[in-house]
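Just so it is clear, A, B, C and D label the chains in written order, and each chain counts residues from 1 on its own.
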Amino acid sequence: MTWDMLPALLPLLALFVGSVTVLFLPARRALPFGAWCGLLVIGLIWWPGISSEVPAPLVSSGGFAKVCTTLWALIGAATCLLANRCCLNRRLERREFAALILFAVFGMAILSASTSLVSLFLGLEAMTLAFYVLVAFNRENPTGAEAGLKYLLPGFLASALLSFGIALVYAATGSFDLPEAVLLSAAVAPMSSVALLGWALILSAAAFKASLAPFHLWTPDVYQGAPSPVAGLLASGSKGAVIAALLGSMPLALLDPMRPLLAGLAALSMIIGTFAALPQTNIKRMLAYSSVVHMGYLVLALLADQQTGIQAGMFYVITYGAATVAAFGLVASMSDSGGEPENYAALDGLARRSPWRAGLFTCVLLSLAGFPPLAGFMGKFVLFGAALESGYLWLVILALLSSLVSCYYYLRPIIRMFNVASKEGGGAPVNGGERLVFALCAAVILIAGTYPAPFFRLVANMLP
Amino acid sequence: MNGLLQIPALSVLLLLPLVGALGCLAWDRRAAIFTILLEVGIALTLPSEGGAVSSWIRYEDWQWIERFGARFSLGLDGFSLLMVWLTLVLMAVAIGISWFRYQQAGFYSLLLISCSGVLGVFLAQDLLLFYLCWEIMLLPLVLCIALWGGTKRIQAAFKLLLFTLAGSLLMLLAFLILFLLHGRQTGDYSFALQAVMSTAVPPDLAGWLFACLGLAFLVKVPVVPLHGWLPDAYEEAPTAVTLLLSGVLAKAGVFGLVRLALPLFPATWPDYTSLMAVLGLVSIVYGGWMAYVQTDLKRLVAYASVAHLGFIVLGLAAGNAMAMQGSLLQLFNHGITTAALFVLVAFVERRTGSRKLGDLGGLWARAPHLGGLILFFSLAALGLPGLNIFTGEILILLGAFASRPWWAVVGMVGVLLAACYMLRLVQEVVWGEPRCSETIADLHRGEVALLAPMAGLVLWFGLYPLPFLHLVHNPVENMLVHLVMKGGLP
Amino acid sequence: MIVPLGHVLLFAGLLFVAGLAAVLLRRNLIMILIGVEIMLNAVGLVLVGASAYWRHPSGQLFALLLMAVAAAEISIALALVVYLKRSRGTIDVNRFDGMKG
Amino acid sequence: MMGELLFLIPMLPLCGALIIMFAGGRMSRKLLAAVASFSVIASALTILWLWPLAAPQTRVSLFDWFEAGALRVPVEILFSPLSAAMALMVTGVSALIHLYAASYLHNDPDVRRFFALFNLFVFAMLIIVLADNLLLLFLGWEGVGFCSYALIGYWYRNPGFAAAGRKAFLVTRAADVLFVIALLWLFRLTGSLSIATINQQATSLPAGTLTIVALLLLAGACGKSAQLPFSSWLPDAMAGPTPVSALIHAATMVTAGVYLLCRLFPLISLSPTALAVIGLVGTATAFYGASCALVQRDIKRLLAYSTISQVGYMFLAVGAGTVTGAMFHLITHAFFKALLFMVAGAVIHLAAGEQDLFRLGQLQKRAPLLFWLLLAGALALAGMPLTAGFFSKDAILVACFALNSPWWTGLGVVGLITAFLTALYALRLVYLLAADRDVTIGHGPLPRGMIWPLLPLGLLALVGGQLNLPEPWGGGTVLQRWLQTPSGRGGTHAIEWGLAIVTLLLFVAAWLGARYRFRTLPMPPGGGVAAFFTDGWKIDALVRNAVSKPYEATGRLLDGFPERWYTAVLPDWLGRLCQSAGRYFRTFTSGYVTHYLSGMAWGTFLLLAILLIGLLR
């Protein structure tokens, strides 16, 4: 490790240093600092003066890693901005909150940039450790602690599975490096079944993080119990980072025996997620099941040819991330000291009380449902196209069916927002930070849906 | 084409309603009226501008998404022009009839968004753009039903959404497969309709893809076994939405069939003509039969609409110039007549508070103008010569008889059934001893102003349809030439 | 290497399954955590064995890393245990079923 | 240039209709009647003015109605001797009936609608008469159908009357369906819808096809002309005001079917089978109508059945190959039947709306002039020698017997029997109306406007035979020479005279019979047999039970299943199925973290199992 690797590591270091520094700031500055820190990281990544030509060990600094880190930093910054209201409402400790968010982003950045199973493990654990605390952050609330427990124990089990998987892969191939370890797995004939066993275990752990069925059971409870901004970060950032790691550095689909596993996970997620979301009446739980479905779609990107898969998958992560952050952000922005408006009933007449929120929420839900001309449609379109190209017709048909059925649960809240006459007075006004985040998300949703060319150029940069 | 100097009228036409929709929300619902008037103005100037060199009256083309070679290309020929006119007329009527009933700007905003989608469907020359517009036209109307509909509005809205969306997802799948196939064959990944049309699709696959597209479009029309969404959606929807569903969205289904399904899979078409004709005939007979036994006025008109749409499908299946021209013309005719009937039903309901046949009667004694217009449009709907529906029907029947006589013979039964159910409506609503209260008012000036242009169009298309037949002549000829060249027709 | 890698894997596998059984079958939070620790120890065993097999130190380094991570995890978990015990008076995990469906 | 003026003939009544429709709101009752009558009279005068154009067959085209593929439908008028004669008859009789109607409806509140429709009817009828293109003809065909519908239901407040209108429309529509099929077929065969072209090309058509087409055309004609089996609408159509019955359901519209067959005679005549069937239908209907007319109690229904019967003669004429005979009887029938209807209207008016023959009477005392007019009409109908009806009916029967084949001779004999029945019921009408009994009296004296339009018709009913007086009677066969249409095989003098004698004997027999049976106050007919005839051989009930009721009942059944089931029950059920699947999947998220852990373990096992299966393969 030498000094000329520093530019490549600078964004990661900035995140880490930021997460420590924020603890020493005044509480009211902590969350804005977190947001600025995210922007700083983005600046460090793209500042032309800093050339990261000498690669660092364990993490890459290529285009893929850059875009991913940018994404997570943006989402992290948005989470900081959105968290302000809920921290104030419930008197949560803002410094620690900001520090944990930055640390989680740090973990995600490592995870998606990892070039070795070691850094993968490290990133995943760093991220998850931060989330264990974040999920249970609202500990005054009994659901907060319960959510913490329900994330912690499966998380532990997943860590164990992951590390055992890594150990088996290492035992079989003698390498931690990615993607060599994958490629070697097919080559080491006598040990390849051990390696495959290892990959399957790693996949289960990843499926837990990405909440693919049947590893999804924790998701609704944790989303419900966690503060909404955290749930947003969990849904968009943490899942996105896991998918990005699978897409970028772990081309499991190259191992033929792994393909049915991926396909099975995708199919189960789509089916179970879609149906289980139907009877929901709690917004956050509905979004949780919806995220299960979306992760099922994203698995299609893993199955596709790697080049198109990365592009389609990351484009989808962007569109899904924008919509999810906005959705949870909206829930957070409507919270008051009594808690968050979780049930559909709380949405009744929102269009009267707060038309902009209702409008944005409509856009977000329609985008999640995949209606053109919103980003979600374009995302699904490229994703399904990629899967079709690699011959997964049956999965695409299943995905189309699931999109069809899912319209029902996305439209139900919309109808309630506009349909029922207002019951209470107007909600609290949207503050500046939230407005910024919402505007950004809305812009992404609309532009990526109508004129996605810039986004495609962006994800095209990510190809190795 | 050289869009630098000229105003890109088609793009303006397409995007203006969106601006209008924003205007409704941001300023006032009056923006909707201005928008639609402006749109009508643009649409009326369209034919004068273009040259008659190619079959396109206008064509506009922009880069859109390079990654899949999707282009923002819009083309206007006689057929699309007719459909654009129909859309704008009915949109104006829809806004007009809702004006005093719904005060919320959101309603008009949604109508305008849908309008934009419909225009896009009629103009798009790119598969992706077409699909985009196809979805955009549907969802706002679904929301309108769900938010402003009758008592069972939510179920009705979801039924409409899920039925038609199931179809359109099949269409998306077909488009994707076609796109990939074309890309693999030529190395040029493109969604442009002209490009994709040249793809050599293996016959087996072509059959499947055609079935996908056919289902997508026929659900929207709908023909009879695919009409599950229709009765409830039509019944529960606000009148503006009902008339747009029957007057415009149904047309988009047939339009898609003519513009996409046929040209894309010309060689497959002969395998499906019989099925299409049978679907058309089943719609005619079954729709007519069901219309006869309905007790709700709106449902009666809804089934009548299905029956009439069956003729249009039959005309397409007949596959000769006469029948096709008849079908295309009939799209306009049916749009006007059915919309007018729905408007009249709304007027009746507004006055008497009921749509049940048993509660009505003797309208002539109380409101002769209303009764007279119901009679007039009913006569149009039952195919009285000299009124517009007859024009299309006779051409379709002549054409159908020329290709398969028994199709036309069964179709003729539908003509008889039309008389049965329309006269039943007139009998129960217009004639008889008045059952409604003394005080109901006849049509006021605004309502007459809404219906008079439609009545005028009914007469115009009935008595002098020639200009419009010429308008669709070239598109039909081009398509037939294409079909013949690709082995779609002997 | 005296012990063949296969034996190490087999033993570690058994250990892992034992830990998994503890995780799955116990409802006491502490016992579940102990189960996870057993599983992690199985992992360490594989890593060290494989490291010896491949004559490569990276496996052992990973084992050390794993211990650190496990320590961090367990500390968070124990904090939660203490909090739950104090607030709800129980560490039976199935008593925490406020959210479902 | 003169040719274009021909369009004035139909356009004048149309303008009248439009003026009344759109500007009639502010017109006085008299002005309305004046506009309506004037437009028709002007039309009639135009025909007379342009009469010279008829002999050379003037053809004028205004604009193209349709043009698509091979189809070209010009809006074209053919002013030929046949159409000119028919048009003159239509406008002439119409003009008289318009004038009559002005008085008849002198206190009806809704007279504007009446005259608008009446004028519109004349327009549509003239289109039928003058059109050369079958599609344009069909425009008029359906136009008169609509006017008939609206005028039968003119007193719309009575749902029964409106229903009668609907029935008329639907029954004729059913026949029109067959007519249109013939039209489609002809287009497929000849590539044209012009009557002239079709007639020209008819010889090149295959015989079997030709027969079927001719029979389809016959069906269409039967619908409009109320022939069997489509006859049942006409008696009900009497619900309309009497001038409507006189004009539409006696003089003009119901003869449109005959006219159509006459126009297409060159085509039809190529198929002997079709001609035989036409003759059969005509004879059967003639007998049927007469048998029913014999027992009717309602004066207008009697006349309606009589019309059915008389139009049957015209069909018989076409079948026997004498277009001239058909046209001759058509014209004379228009005179005496219009007259009879208007007399009936006047009688009903006098009796304050009473239509039951057994409650009417004393006509010669209360209105002697009217009685003489009635007598003129009835005698013409009965075919008393030297009246118009005698000559025109005889011409038809002569043509039958002249064909010299058992089939036609048989039909002729039935025609003779029918003639006897006709005379019987015509004289029965006279005797009953003249009967001396207590009658309702209403409305005061008869308006003069209701009498004098009858005088010319009365005259024509008596002497109209001069139009086409047969040769043996020293006549000049004016009509025949003018029309230049086929008039069948000429009868020998023996047949002519023999038939005249037989007819005379039959008339006398009928007179004696009627005198014996109806002179003294008779009882109304009763019993099952009479009811059978009164109800028109129960055809109505048959159709109702065999067609309408099953149609509606089956429709209702289908509306329940599959329709409601498919559109409502099935989607709901699917929705519930999805919801319950959702509830099932929800139960996995049980809230117990141990279950979540097991879920993960099971998931891992599942993945390993899939892997294992994959590896084992």
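The rule is simple: contacts are C-beta pairs under 8 Å (C-beta built on N, C-alpha and C of every residue); 3 or more make two chains touch, one makes a residue touch a chain.
If you're wondering where the values come from, they're calculated on a predicted model, not measured in any experiment.
Undergrad: Could you name all chains that are in contact with subunit A and with subunit C at the same time?
TA: D
Undergrad: Could you compare the number of C-beta pairs in contact for C-D with that for A-D and name the larger?
TA: A-D is joined by more C-beta pairs in contact.
Undergrad: Roughly how far is subunit C from subunit D, going centre to centre by Cα mean, in whole Å?
TA: From the centre of subunit C to the centre of subunit D is 97 Å.
Undergrad: Could you put a whole-Å number on the gap between the CA centroids of subunit A and subunit D?
TA: Those two chain centres are 78 Å apart.
Undergrad: Any idea how many Å lie between the Cα centroids of subunit B and subunit C?
TA: 65
Undergrad: Taking each chain's centre as the mean of its CA atoms, how far is subunit B from subunit D in angstrom?
TA: 37
Undergrad: Residues of subunit A that contact two or more other chains, please.
TA: 149-150, 153, 157, 220-221, 405, 408
Undergrad: Among the residues of subunit D, which ones contact at least 2 other chains?
TA: 586, 589, 591, 593, 597, 601
Undergrad: Can you tell me which residues of subunit C touch two or more of the remaining chains?
TA: Where subunit C meets two or more other chains at a single residue, that happens at 20, 23, 32, 93, 96-101.
Undergrad: Mind giving me all the chain pairs that touch?
TA: After working through each pair, the chains in contact turn out to be A-B, A-C, A-D, B-D, C-D.
Undergrad: List the residues on subunit D that touch subunit C in their complex, please.
TA: Listed in rising order, the residues of subunit D that touch subunit C are 586-587, 589-594, 597-598, 601.
Undergrad: Touching subunit C in the complex: which residues of subunit A?
TA: 118, 121-122, 125, 129, 132-133, 136, 139, 142-143, 145-150, 152-153, 156-157, 159-160, 163-164, 166-168, 170-171, 174, 176, 194, 220-221, 224-225, 280, 285
Undergrad: Which bits of subunit A are touching subunit B when the two form their complex?
TA: 351, 366, 371-373, 377, 381, 384-385, 388-389, 396-397, 400-401, 403-405, 407-408, 411, 414-415, 418-419, 451-453, 456, 460
Undergrad: Provide the residue numbers of subunit B that touch subunit A in the complex, in ascending order.
TA: 64-68, 106, 128, 131-132, 135-136, 139, 142-143, 146-147, 154, 157-158, 161-162, 165-166, 169-170, 172-173, 176-177, 179-180
Undergrad: Where on subunit B is subunit D touching in the complex?
TA: 155, 158-159, 227-232, 286, 289-290, 292-294, 320-322, 325-326, 361-362, 364-365, 375, 379, 384-386, 391, 394-395, 397-399, 401-402, 405, 408-409, 412-413, 415-416, 419-420, 423-424, 426-427, 430-434, 463-466, 469-470, 473
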